[in-house]
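I have a structure I would like to understand better, so I am pasting it below and will then ask my questions one at a time.
A, B and C are the chain letters, set down in written order, and residue numbers restart from 1 in every chain.
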């Protein structure tokens, strides 16, 4: 039982976080709360990718120890044990995803400030009511 | 609205939980993601790029154009923020 | 990687996420979101993804929290839900 829980626990966390983020994006009325939900959902997807890249059994950070330049310059071709380094590819992709997510958050916050300047509120229902009364 | 949100969350969560059963175990060294292409990157990165950090080697050497496109995305986002938030000058057109 | 640490930090992450979307004060919600980012960062360090972890710590938790606080500062701080 413990074995089963531990073997899938990160994926369960990912599912719960996606649920929380989706609920905040749909169910909450405040626009900042919706953005917080979007951030939580993005982090959940990144957690999923990094969990796929993890390796048990003594695997460490994907950085080579020792004298790297000497090994390169003199053509010494060491046999590198693949099982001793975690999978680096998901890390690279998620590095890009984090930076892009902060860019989308910045543009969304700028749009949110613009909405507040025009309607003087951040509540979705009140904004829709003002728009309906204005006949838009 | 809360009911719609709960229904959507439950349906999405059910699909994701259904998909969890097909995933490999957490930290399995023999999972498909860890045996298909990543061993070649780990073995060849030091010899081909002379960078000890594999993540940096893949980010800046193997996928350099991807990183350049990412920089373009951030630049566009910054320009967008400036254009959205700037104050309109008075007496100039609309 | 240490699976006991992983379990505990996963629980903290879920608690932080639930707190962040349920707090009425928006500034408190944003700060809890920053704490959530740092717990996420610990989780990734535990799994060996150090590059992702320090990018998240500087960009996600640092710059993201600053942007959110700037936006909340220019708008209203109270929220109805």
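In this section, a contact is a pair of C-beta atoms (placed from the backbone, for glycine too) under 8 Å apart; a residue touches a chain by one contact, two chains touch by 3 or more.
The structure presented is a predicted model; accordingly, all values stated were derived computationally and were not measured.
Peer 1: Identify the chain whose mean C-alpha position lies nearest to the mean of all protein C-alpha atoms shown.
Peer 2: When every chain is reduced to its C-alpha mean, the one closest to the whole-protein mean is A.
Peer 1: Hey, which chain ends up farthest from subunit B, C-alpha centres compared?
Peer 2: In terms of C-alpha centroids, the chain at the greatest distance from subunit B is C.
Peer 1: Compute the distance, rounded to whole Å, between the mean C-alpha positions of subunit A and subunit C.
Peer 2: Chain centres of subunit A and subunit C, defined by C-alpha means, are spaced 11 Å apart.
Peer 1: With centres defined as the mean C-alpha position, give me the subunit B-subunit C separation in Å.
Peer 2: The answer is 18 Å.
Peer 1: What's the distance between the Cα centroids of subunit A and subunit B, rounded to whole Å?
Peer 2: The computed centroid separation for subunit A versus subunit B comes out at 8 Å.
Peer 1: Considering subunit B alone, which of its residues make contact with at least two other chains?
Peer 2: Within subunit B, the residues that touch at least two other chains are 27, 53, 55.
Peer 1: Counting only residues that touch at least two other chains, what does the list for subunit C look like?
Peer 2: Each of 1, 51 in subunit C touches at least two other chains.
Peer 1: Where in subunit A do residues touch two or more other chains at once?
Peer 2: 6, 9-10, 23, 29, 51, 53-56, 59, 62-63, 90-91, 95, 99, 106, 113
Peer 1: Could you please specify the touching residues of subunit A with respect to subunit B in the complex?
Peer 2: 6-12, 14-15, 18-19, 22-23, 26-27, 29, 51-57, 59, 62-65, 68-69, 71-72, 77, 80, 82-83, 85, 87-92, 95-96, 99-100, 103-104, 106-107, 110-111, 113-114
Peer 1: Please name which positions on subunit B make contact with subunit C in the complex.
Peer 2: Per the stated touch rule, the residues are 27, 53, 55-56.
Peer 1: Report the residues of subunit C in contact with subunit B in the complex, numbered from low to high.
Peer 2: Residue list for subunit C touching subunit B: 1, 51.
Peer 1: Residues of subunit B touching subunit A in their complex?
Peer 2: Residues in contact with subunit A: 1-2, 4-6, 8-9, 12-13, 16-17, 20, 23-29, 31, 33-34, 37-39, 41-43, 46-47, 50-55, 58-59, 63, 66-67, 70, 73-74, 76-78, 80-81, 84-85.
Peer 1: Taking the complex as given, what residues does subunit A use to touch subunit C?
Peer 2: Going through subunit A, the ones touching subunit C are 6, 9-10, 13, 16-17, 20-21, 23-24, 28-30, 32-33, 35-37, 39-40, 43, 46-47, 50-51, 53-56, 59-63, 86, 90-91, 94-95, 98-99, 101-102, 105-106, 109, 112-113, 116, 121-123.
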